[in-house]
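A quick write-up on the structure given underneath.
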Amino acid sequence: MTIDVNERARVLVEALPYIQRFHGQVVVVKLGGNAIEQRKEETLLDVVLLRYVGMLPVLVHGGGPEITALSRRLGLEAEFRNGLRVTDPATMEVVKMVLTGKVSPDLVATLNRLGGQAVGMSGEDGPTIIAEPLDPDLGLVGRVVQVNREPITALLQRGYVPVIASIGLGYDGLSYNINADTVAAEIAVALGAAKLILLTDVPGVLDGEGRVISQLDRAEARRLIDANHVSGGMIPKLEACLRSLEGVPQAHVIDGRQPHALLLELFTESGIGTMVTREGREE
Amino acid sequence: MTIDVNERARVLVEALPYIQRFHGQVVVVKLGGNAIEQRKEETLLDVVLLRYVGMLPVLVHGGGPEITALSRRLGLEAEFRNGLRVTDPATMEVVKMVLTGKVSPDLVATLNRLGGQAVGMSGEDGPTIIAEPLDPDLGLVGRVVQVNREPITALLQRGYVPVIASIGLGYDGLSYNINADTVAAEIAVALGAAKLILLTDVPGVLDGEGRVISQLDRAEARRLIDANHVSGGMIPKLEACLRSLEGVPQAHVIDGRQPHALLLELFTESGIGTMVTREGREE
Amino acid sequence: MTIDVNERARVLVEALPYIQRFHGQVVVVKLGGNAIEQRKEETLLDVVLLRYVGMLPVLVHGGGPEITALSRRLGLEAEFRNGLRVTDPATMEVVKMVLTGKVSPDLVATLNRLGGQAVGMSGEDGPTIIAEPLDPDLGLVGRVVQVNREPITALLQRGYVPVIASIGLGYDGLSYNINADTVAAEIAVALGAAKLILLTDVPGVLDGEGRVISQLDRAEARRLIDANHVSGGMIPKLEACLRSLEGVPQAHVIDGRQPHALLLELFTESGIGTMVTREGREE
Amino acid sequence: MTIDVNERARVLVEALPYIQRFHGQVVVVKLGGNAIEQRKEETLLDVVLLRYVGMLPVLVHGGGPEITALSRRLGLEAEFRNGLRVTDPATMEVVKMVLTGKVSPDLVATLNRLGGQAVGMSGEDGPTIIAEPLDPDLGLVGRVVQVNREPITALLQRGYVPVIASIGLGYDGLSYNINADTVAAEIAVALGAAKLILLTDVPGVLDGEGRVISQLDRAEARRLIDANHVSGGMIPKLEACLRSLEGVPQAHVIDGRQPHALLLELFTESGIGTMVTREGREE
Amino acid sequence: MTIDVNERARVLVEALPYIQRFHGQVVVVKLGGNAIEQRKEETLLDVVLLRYVGMLPVLVHGGGPEITALSRRLGLEAEFRNGLRVTDPATMEVVKMVLTGKVSPDLVATLNRLGGQAVGMSGEDGPTIIAEPLDPDLGLVGRVVQVNREPITALLQRGYVPVIASIGLGYDGLSYNINADTVAAEIAVALGAAKLILLTDVPGVLDGEGRVISQLDRAEARRLIDANHVSGGMIPKLEACLRSLEGVPQAHVIDGRQPHALLLELFTESGIGTMVTREGREE
Amino acid sequence: MTIDVNERARVLVEALPYIQRFHGQVVVVKLGGNAIEQRKEETLLDVVLLRYVGMLPVLVHGGGPEITALSRRLGLEAEFRNGLRVTDPATMEVVKMVLTGKVSPDLVATLNRLGGQAVGMSGEDGPTIIAEPLDPDLGLVGRVVQVNREPITALLQRGYVPVIASIGLGYDGLSYNINADTVAAEIAVALGAAKLILLTDVPGVLDGEGRVISQLDRAEARRLIDANHVSGGMIPKLEACLRSLEGVPQAHVIDGRQPHALLLELFTESGIGTMVTREGREE
């Protein structure tokens, strides 16, 4: 469909209230799955646009499939417990090489080519993310102990888009592999973000009949988890949303396979996917 | 026509190159005629949007019809020579009251209501515009001798949209009434603007058959003026465009009656109205 | 009388303690009546001198007689209730044109000519003065709800003398006509001024026998108002003084017809006119 | 004579043009003789006033009589050649003790008591004044090689009045005793001062009949020196004036015995004493 | 040997002239071979010490052996031409993973643990290093076209030690593998460094009899290269030294296998290894 | 003994923990006795080194012997009561001349020659030290009422080493002679110093058998004083230490006769002399 110039003008003007609302606000986006595979270009174009209209996007990423792929090529056996990758030192080395040596630089390069100004950083830099072991059986899998926001805000103030690999530094001087949804949530809280947005490969949180639940409050989200009414993969995402709500008003689980999912979430009244809020539907 | 959300996202993304191109650039807009009458709200909404996506719009206005109306109510006879209002001291008082006491505050109030942060200033403030008499027979009609950009850039740096009434201060301490197109051109040069945009009540510069000429270079514009191929009212506008090209790459005469004319000019490939450039079509 | 050079030196040196006392202090001056008519030049010369010796004068003005004059010329009937101008929208338009289009620019131009650096602003700019209707029967007559001092202090910090028209912006987006004495008092409180000075056309507050009362404390001023021992015109001035004392140590009602009344008040031990203080004579 | 309040106001207003003219300008004042003996209080009160009305006074002083007095008490024989004190190491120690340990602190303390904010510094601090030996026969008598203005302007920017003892640091690490008129001239040039003022114990430069010459240009001053038409003590002062004219428009030799000589020079049309200018009388 | 406390004090005091000489100066250090293998801890401890005593060390590193090792594990065949690794896209991916995902983070982590504050960056970040293909046959092997020093100086100003991987970004958007000695030389020139220091696995440049040449000037170094009097591996190092001399006064090739080689070079009169200077021995 | 280069490197590296620990910390050093007589050069070299490795040394000095010497030469009789110099106005003049005109400039000149950047200041400058009479019988002997740290921190921030003469300014405008140990302690508290170091002519606090007590806590120090177990001269030093512990963690009495005593104290594990701490040995 061709959109004529007057329609274009109208669309831009109708975006103004959203632009005003989020002007100067931090929005933390966890990139994952298709959002950084098939839809990378569209997703990062959205990020550049957000930056240009005055928001402060912060990107967090993991890189599970590429870690698995490289591990395999190196003959390392991938072992998972409760969905978490058992991370021995050799695997941790792979995690770091993939996340800070491949995924991050690739995102940064693409953002720079699209006209954003991005800088990659590991949670170890600074250090920005202090970690501790999550479970001795999982090896170097970590949980976030503390986020030091200074390095991130320094980048934001200088106009950069921070691209953060989900690795933390332990008090023992070791690197830890941390779930990227969790890192995104912790960073969102530390920065006082306006929104946490988790880009996934599903349409959102689904109800029993496979329909997207468009809005959840804390109590409802907790109930879904406790009652095992959501799939296993969704649980850590919902937990990350709940954690973020301690400092952030809205968390979103949206479908990164949809082109320009970020813009649709931020610039339309209805949004897309599932929004989790503190007090329920009255937002 | 309803535009679906995906189309909306596409329009926004397609605006990105224009947003990047003019980011941090000054755009001087002369408001006149319908742009500040029937289309005031739409025009100023565009200005707010420009500001939010990172441009630095500067507004200049006159207020001929309102000056004439108030003069009449006060029993002052309006006299014009060569299209210029003979301005005796009593008329100059009316000019100041209308421009700085009515038109400016009204534009400022509307911009503020729409979410822009505007500040009104007369060219006398600072003083920003130094003037001298244009022609003794015209009384207090002035020409611009010098523009002091400091007060304007101070406002821009603090995030304000300057709204400037086309009045200047003479070395004799008197106020001068100056053509607003000229003031806009001089300010555009002084600020090193990326564009001068004159909002008028015609579709653009018309050729002999009444069709809008979409692009003109300096030589062509000069020829049109010299050959009297443009209407009398268009001459000072083209002269202002030519003057601005001494420091500004592009000047535009566009139709303020068209809704969102500013956005159409700035955010579409073809633009609208007539563009005057230094070297012709190769821009 | 000729003053020889040694006497000149002595006068300057004797001014030093006053200069030191008020150095860097805000002094809010309400200009009215003769102070901006017959004595304008002398009054504004005093203001420039205050600025040069390190005080921070802020000027507030109304413009009653000129509003009445223009209203009459425009065939608008002036109606007063309890000494307050009933202000319908047409009259409000006249008020704005006169105050921000005539009185303010004229004061600014004169100050600039005398070597001060003045900038005119309406209480609507920013907005600096938030207003609400005083009384439905009076139309657009307002009372001050809040003063936003940021735009004023920004001007002071940059070395300018702010000249403020006594107009406020309502939450309803309408302009309100506000008593200038009141505006001056509210601004003085908001800025933590060292003094509020109301320039009037009378020698000060008079006692029953027509003699100037040189000093009043709050209780005494209140008693004079309650007992109707002061003329009707003096009541809003005394009320403004009393309001200002909530944040300002001294308020003055002085005679603007006297040449250099401001200097006499600020640079002599005895001062002139009537001083109102919090706790009475022990200042 | 009593000066009534209106006269006072007039004197203040008549000072305004001088205040404006020298606002933010550096004025270097060499204090000597009676100006820091009998008239110290009045002279320093003038300095405080200059600072308060926006000038940037810089004080330079020597301390000949006190050096002689202390030398005598310590049994050091004072020896002079061509009016210059032969300065052996023991004498230099006395010079430093007197200038930086007595004269400077005393001036600083008095200025602080009068409400100025003064800081004493030796030319050795920083170092501000780089010196070299003037004549091997004179021992540690120096000439100025270079002035480092940074320490002085740092004090001025922080609002202090610098009080500078006329001592310099040699490349040999030794302290040098330098003529204070010369130091003042060199500092005036380095700072781009508006005036150099030498306070002396004579009414000014006298002509053959003992009358004060009110104005001299460079050629005339040079001729007076060459022709020995001025007294021996005046020669270094005139030389200092001539040196300063390389960067300063006006140099003055005035009578420090006259009360408030500084104010009279700076705030009256005619000034007092002798003014030396580059091009003669047309200033 | 035990060093008693007085000896310790003497060593520290004798280091002072070197500390003063290099205070606030940039020193670019290329880490390679053993310096980041067996001697990593000692080398980085030296770097931390340099930073604490006021120098500005900048580290550049490659990582040849680890690239080869990972390539092998991934079944990529390493091919060299003229000592340069033929870099196809798959190998480039390995280069990036190793340099920015392993070597850099490891150096950063060690520096941070030792009390330095280090930040890793790739030459692609910013971008800091603009590259172009060196030779089509070598694939993604690049030469430095331009160094953008801003990102590096920003880190230095904030007190960080930059750790830079020798990767550049091409105008074609591709990543290029660049010789780390060359990158170090170009960065040293761009930053106006005081020294370039190449840490190697040999004692320095050797003469025909295997003895270290302690000093070379440009002409001599050129002659050694042209006459093939140095080993093949030393040629690019000497070329890097020569390139750096266009902006840096001294370049050094020193033995990274020696403990604390950096300190010995910087804090002793004789230094170690080979120094290359512009004009020969007279430094 | 010759220390070979590897030993030198080791010494420097072993100093790193101390450099890190005190980086950016204020260390107040009271210079007295031999430290500024026989060992001046070594002591000040240490100070320069401290500054270069990132500490912020602040020097405080008296000058008893020189005051006595000059007094004698001037025929003033020195009178002491309880070890304090009875200070009449003539003596105070001598104190000021010696401290600010001789001792301070001499220390400053030496520091500058050694490559430090020092600035001398009297406690009267600013004023930095407010004093009041200690005892009417002692004349102008003062006690510290208040320290204004701003002038000192301003110097520190600009990279200077402040050299402070132990003189204070009374509310009565008079100068007061104050014990330099006390001044040093008060300044250390005001600046939040990391250490107060008193350089003396004894090895430290001695026990009954003449052995140095290496560490004392507050209670022990108080007991020694109360029990008269320390010599008379040590009492004011211990009192100064105790006073400083109200804001400073460690105070030291060390032997200024030992070469590089400051470095030994700061850069060795055991330190030298006596350390007084708040809580005893557990530091």
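The first chain written gets the first letter, and so on, giving A, B, C, D, E and F; residue counts start at 1 in each chain.
Methods note: a contact is a pair of C-beta atoms (placed from the backbone, for glycine too) under 8 Å apart; a residue touches a chain by one contact, two chains touch by 3 or more.
Just so you know, these numbers come straight off a predicted model, no measurement behind them.
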Completion exercise
The chains touching both subunit D and subunit F are none
Exercise for the section: By the contact definition above, name the pair with the higher C-beta contact count: A-B or B-C. Expected result: A-B
Fill in the blank from the handout: CA centroids of subunit B and subunit F: separation to the nearest Å works out as 70
Practice task
Report the inter-chain centroid distance for subunit A and subunit B in whole angstrom, where each centroid is the mean of the CA atoms.
Solution key: 45
Fill in the blank from the handout: dist(centroid_CA(subunit D), centroid_CA(subunit E)) in Å evaluates to 57
Handout entry: Distance between chain centroids, defined by C-alpha means - subunit B, subunit C (Å)
Key = 37
Exercise for the section: Quick one: which residues in subunit D touch 2 or more of the other chains? Expected result: none
Practice task
Take each protein chain as a node, join two nodes whenever their chains touch, and name the resulting shape: line, ring, star, complete or other.
Solution key: ring
Problem - Ring of chains, enumerated from subunit A in the sense that reaches subunit B first - result: A, B, C, D, F, E
Exercise for the section: Name, in rising order, each residue of subunit B that touches subunit C in their complex. Expected result: 70, 73-75, 93, 96-102, 104-105, 108-109, 112-113, 119-120, 122, 124-127, 154, 158, 169, 173, 175
Fill in the blank from the handout: In their shared complex, subunit D is touched by residues of subunit C numbered 1, 3, 5-16, 19-20, 23, 42, 45-46, 48-49, 52-54, 115, 259-260, 263-264, 267-268, 270, 272
